[in-house]
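Think of it as A, B, C and D in the order they're written, each chain with its own count starting at 1.
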Amino acid sequence: MAMVCLSDFEAYAKKYLPKIAWDYFAAGADDCNTRDENILAYKRIRFRPRMLRDVSMMDIRTKILGTEISFPVGIAPTGFHQLAWPDGEKSTARAAKAMNTCYIASTYSTCTLEEISTAAPGGFRWFQLYIHRNRAASQQLVQRAEALGFQGLVLTTDVPYTGKRRDDIRNGFRLPPHMKVKNLERDFEVCKMSLLDPSVTWNDIYWLRSLTHLPIIIKGILTKEDAELAVRHGVQGIIVSNHGGRQLDEGPATVDALIEVVEGVQGRAEVYLDGGIRKGSDVLKALALGAKCVFIGRPALWGLTYKGEEGLQDVLRILQDEFRLSMALAGCASVSEIGRHLVQFSKL
Amino acid sequence: MAMVCLSDFEAYAKKYLPKIAWDYFAAGADDCNTRDENILAYKRIRFRPRMLRDVSMMDIRTKILGTEISFPVGIAPTGFHQLAWPDGEKSTARAAKAMNTCYIASTYSTCTLEEISTAAPGGFRWFQLYIHRNRAASQQLVQRAEALGFQGLVLTTDVPYTGKRRDDIRNGFRLPPHMKVKNLERDFEVCKMSLLDPSVTWNDIYWLRSLTHLPIIIKGILTKEDAELAVRHGVQGIIVSNHGGRQLDEGPATVDALIEVVEGVQGRAEVYLDGGIRKGSDVLKALALGAKCVFIGRPALWGLTYKGEEGLQDVLRILQDEFRLSMALAGCASVSEIGRHLVQFSKL
Amino acid sequence: MAMVCLSDFEAYAKKYLPKIAWDYFAAGADDCNTRDENILAYKRIRFRPRMLRDVSMMDIRTKILGTEISFPVGIAPTGFHQLAWPDGEKSTARAAKAMNTCYIASTYSTCTLEEISTAAPGGFRWFQLYIHRNRAASQQLVQRAEALGFQGLVLTTDVPYTGKRRDDIRNGFRLPPHMKVKNLERDFEVCKMSLLDPSVTWNDIYWLRSLTHLPIIIKGILTKEDAELAVRHGVQGIIVSNHGGRQLDEGPATVDALIEVVEGVQGRAEVYLDGGIRKGSDVLKALALGAKCVFIGRPALWGLTYKGEEGLQDVLRILQDEFRLSMALAGCASVSEIGRHLVQFSKL
Amino acid sequence: MAMVCLSDFEAYAKKYLPKIAWDYFAAGADDCNTRDENILAYKRIRFRPRMLRDVSMMDIRTKILGTEISFPVGIAPTGFHQLAWPDGEKSTARAAKAMNTCYIASTYSTCTLEEISTAAPGGFRWFQLYIHRNRAASQQLVQRAEALGFQGLVLTTDVPYTGKRRDDIRNGFRLPPHMKVKNLERDFEVCKMSLLDPSVTWNDIYWLRSLTHLPIIIKGILTKEDAELAVRHGVQGIIVSNHGGRQLDEGPATVDALIEVVEGVQGRAEVYLDGGIRKGSDVLKALALGAKCVFIGRPALWGLTYKGEEGLQDVLRILQDEFRLSMALAGCASVSEIGRHLVQFSKL
């Protein structure tokens, strides 16, 4: 089977993963409308490609918070990579480093932050944080990450409680006994997530700021009002995200929300996006609408499932080639030439 | 089979009910477009969820016409509960009381109002009325209901004649011989409904008012013009309803009509809705658009079919949990925080 | 099999008619988009039903060009009724008379005008005319019709050439040898229709006017510009029609075109419609948008196929019952209460 | 099997072509959305047909850049006609000449320009050019074409790199060994196309102009900005094209882009279109929106596959008959009567 596009990796993962693991990765909340809309929304965006521009020298690099990456696609935080590949997040870290891009390691990794760091020393990584009821535990995680050289702190804001994912309930999903959420001190019941603190508010950004010198990136923002608040609370970056459609069903597709978030931010922070990226041209659309970079969640897991570190590199390389080709065919030779003029909304 | 969401109860009912009963409950008028639109209309409404609000203490209670209920979902009036479960409306009344919510008992119950009252003494109930050609019979029903402690009178306005439900005609639907419409003095032919008075007008509200001290709630309103008339005739509440799509096919979905009814009422009466509620997030959307409470029809019947009183409690509990979770994920800790700002209409 | 709605008759006809005849009646031009749009367009129109109006006395009668009919549905001109039932147009004429409505007999009938007249003496009929290259033949037809008591002359304007109906070409459709287009002097090759005159213009209305005292109704108008021209040329009625989608594919659905035609006419002529009527509520929508009456084509043929005169009466009676019920449920007790306020266009 | 419409030829080709050849001709980039939108976009355009115009004498001829063709449909440049029929482009040239229309021969023909010229002497032909890295080779091609009597030079602008066509990658598509891209000096690897120069810009139009007296037509323009640039650089014609959806997926359908290109050009050059033409009425729509002529790609290949020169003539004749009929049914007797007033955009 030739691996030509990301759907090929999806088909592979669906075929070879245990059903319970596939279902967990694929899950959306409730009717999965938002999960699916994340993808469908891209179909309603049409390019306005420009011709006869010199695209012989393509430069697809960008910088996020000052660090250069090989192209504007990083790895979104997702949990439990050992469900996809025995080496888990260690493979993810190696693939991201090999492809010279950013990897956001999840609190709910099945490897420790230390293992991740050691697996790919010098890699460009951010750490994703949930604030727990036990604030000391969260503080310790932040400070461990900073000490290990993580370069950014990503605060997830859309999980005061876990979304209702029907298949996980039916399957009675829980981690197999030989896997652990190693970053947390004791075993951890996923479906309860009773450790998370639903009382977190904007003021906790100040608390986080007091713990670390790392830039703070806030993840899960979907409105211009919240974007405005994020900027006022001093975050450096915003990831427009609906948690892959796993939290509140029937919120907006991320690429639709991106437009109003960019409007709310007005250049005062960097804006990123995750959700629904399946082709290089999706990346181009997100950038045209104001994202500085996008992050992939499920496609990274499919790549890991296929061949671990190598499979994830395959996924990233395909996206890179597709992104470069889309740019060239749309008439852009470098990321700086991408702008709002490049897209319009389709009548359908 | 795990009962995870309301569709599971629907599948159960479709599988285990006699076809003629399933068809009767499922029936819509003509092509069933309005029945189906009631559900589809929710898909076109998107949340604008807000993050980082303290949602650790969730309060989902509300009041309707001054009486507190545990969450803004009641039981809509539907007929013939014995088709679903041997104890019929007695089970419905018990479940509603156990869940501390409002049950609107139908004129066409297969138990008497007295049986319903005795089954769940002290429960919060309204009585749904059709005005019959024989006004004395209607008067007697109203006064019986008031005497029995029903706390509101719901006048159904959209059945001057019964809608054309093709499957009921094909099936020759009628109640099995051992069931009776016990509230009415003699046996009752459903498909004719020739007892109903098609000459009822707004003036009859004054007649009703003269019969009872109960608050009058009017059910079946779909336009702002009628909402305005209802207010002017002194009703306390309006249920936006198209009778589950069983009367005039190709009228508006109730959640679409809700918007103009709320506009017409301008706070001068409480506005409720029934039709198409299948998930907790549907409730949240209806409240965001101005409904004070919603009522469920078919899902209550599926719950009864599954396990009588207990099955209906399961249905209500699932809706309650889903509603609470949706609220939290949208950033609302109490019903008073829900408002129009929470939703937008999708491009599709 | 119970015959509950018009689709039941369609299913019957599809099952029992010879394929070549079914295909001929069902045919649309090219991809059949307009044929199908005629029906789909009604789904995008939503009622705004009004409640608590006295609908105990329903009056569904109307008048067209001064003649009362029992309800606003007549029989559109379609060819070759013997393909559906041995007695052909004689049965059609009898059914229309029995139901007290208008029958527009087609030039391409398989019975003569005289046979039609004799079959149902005193029935309310119009005669549909194609203008032939041989003007004398057309003149003779018009004068025969007038002498036989036909009360209106319907000029079809959308067939300068026959539309491309793929199935008819594949089937090599032609009338069976024992059927004739009896109104024309010699045998007639349908698929060529080389007798029709494609040079007809608006001036020919004046020529027609010189031949007869009958009111002239023009059929096939789809734009406000042509509606304006029709009025200026003195026609008494306009049938908004796209020939059942059999002529120019991808023109407008008739109920969509109705709006602009009514706008163009501004009350200076009566406006009717054919195409896509399948339910009583479709009739109500067309009237709400300004049609005085609608005409059914294929459903009449399905009725004939089912049981000749009796089957067509069944079809008309179902439409009548559905129309009356829709009116009542929308809050109208008589045709004069139907108006533009009764409908809105759906978001989908 | 009767060949009634273009879909019949498509079905034939799909059935009889080797899969690898069918896939190559059918291929679209990525998800093939633009390929499919090219066709779907026509469904959203509705005619506003006018009645009672004299359409007895139909004149469907037009002129492009001063040369008369029998109707406004020519043959778009597509590669490798020997994959469809042994005689390849020689058959194409003969069919185009027999039907008195324009054939745009592709650089990537499997016959030489000389063979094409000799096969149909005196035929009306344009030559389609890709600019290669080796400019001398391109210059030589242009000058050969001019010397052979080609009457226009079509510069393709949307292939700085080849689009990603998944099936071709999976199939490992390449020409069979016995076929050659004969116009180029040495064998040619299709999937690499590494000979094409991605550094071409608008200034190269001046270079082309210096090489030849032929009118220059620019192909691949999709925005009004580029249309304006084309006019300013002195081109005589613009072909609105997205390369049949084979280059940048999710650009606009050509008939949608046509509108803004016509707006940008403001009559200063002729505008043509290719992509999605499947029926005569599609041609009429494109002309109504401002195209002077359209070109067919895949349908020509299906015709060749069916019966070579003769099959392609069949395809053209069907389009001609359908176009003439659509014009007549829309009320236009000559191409000069076609205009913007003839179409509107559908609500769906």
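Rule of thumb we're sticking to: a residue touches a chain if its C-beta (ideal position, glycine included) is under 8 Å from a C-beta of that chain, and two chains touch if they have at least 3 such contacts.
Labels paired with UniProt names: A, B, C, D = (S)-2-hydroxy-acid oxidase.
The shown structure was predicted, so the numbers you read here are calculated from the model rather than taken from an experiment.
*Asks:* Common contacts of chain A ((S)-2-hydroxy-acid oxidase) and chain D ((S)-2-hydroxy-acid oxidase)?
*Replies:* A chain counts here if it touches both chain A ((S)-2-hydroxy-acid oxidase) and chain D ((S)-2-hydroxy-acid oxidase), and no chain qualifies.
*Asks:* What rotation angle takes the CA atoms of chain B ((S)-2-hydroxy-acid oxidase) onto those of chain C ((S)-2-hydroxy-acid oxidase)? Round to the nearest 5 degrees.
*Replies:* The best-fit rotation has an angle of 90 degrees.
*Asks:* More than half overlap in residue numbers between the two sides of the chain C ((S)-2-hydroxy-acid oxidase)-chain D ((S)-2-hydroxy-acid oxidase) interface, or less? Answer same or different.
*Replies:* Both copies, chain C ((S)-2-hydroxy-acid oxidase) as well as chain D ((S)-2-hydroxy-acid oxidase), present different residues to each other, with under half of the numbers appearing on both sides.
*Asks:* From the mean C-alpha coordinate of chain C ((S)-2-hydroxy-acid oxidase) to that of chain D ((S)-2-hydroxy-acid oxidase), what's the distance rounded to whole Å?
*Replies:* Roughly 42 Å, centre to centre.
*Asks:* Starting from the mean Cα coordinates of chain A ((S)-2-hydroxy-acid oxidase) and chain C ((S)-2-hydroxy-acid oxidase), work out the distance between those two points in Å.
*Replies:* 60
*Asks:* Could you pull out the residues of chain B ((S)-2-hydroxy-acid oxidase) that touch at least 2 other chains?
*Replies:* none
*Asks:* Which pairs of chains touch each other in this structure?
*Replies:* A-B, A-D, B-C, C-D
*Asks:* Chain D ((S)-2-hydroxy-acid oxidase) touches which residues of chain A ((S)-2-hydroxy-acid oxidase) in the complex?
*Replies:* Touching chain D ((S)-2-hydroxy-acid oxidase) from chain A ((S)-2-hydroxy-acid oxidase) are residues 2, 4-5, 42-43, 45-56, 279, 281, 285, 321-322, 325-326, 328-330, 344, 346-348.
*Asks:* Inside the complex, what are the residues of chain D ((S)-2-hydroxy-acid oxidase) that reach chain A ((S)-2-hydroxy-acid oxidase)?
*Replies:* 30-31, 33, 40, 44, 157-158, 160-161, 163-164, 166, 169-170, 197-202, 204-205, 220-223, 225-226, 229, 247-252, 256, 345
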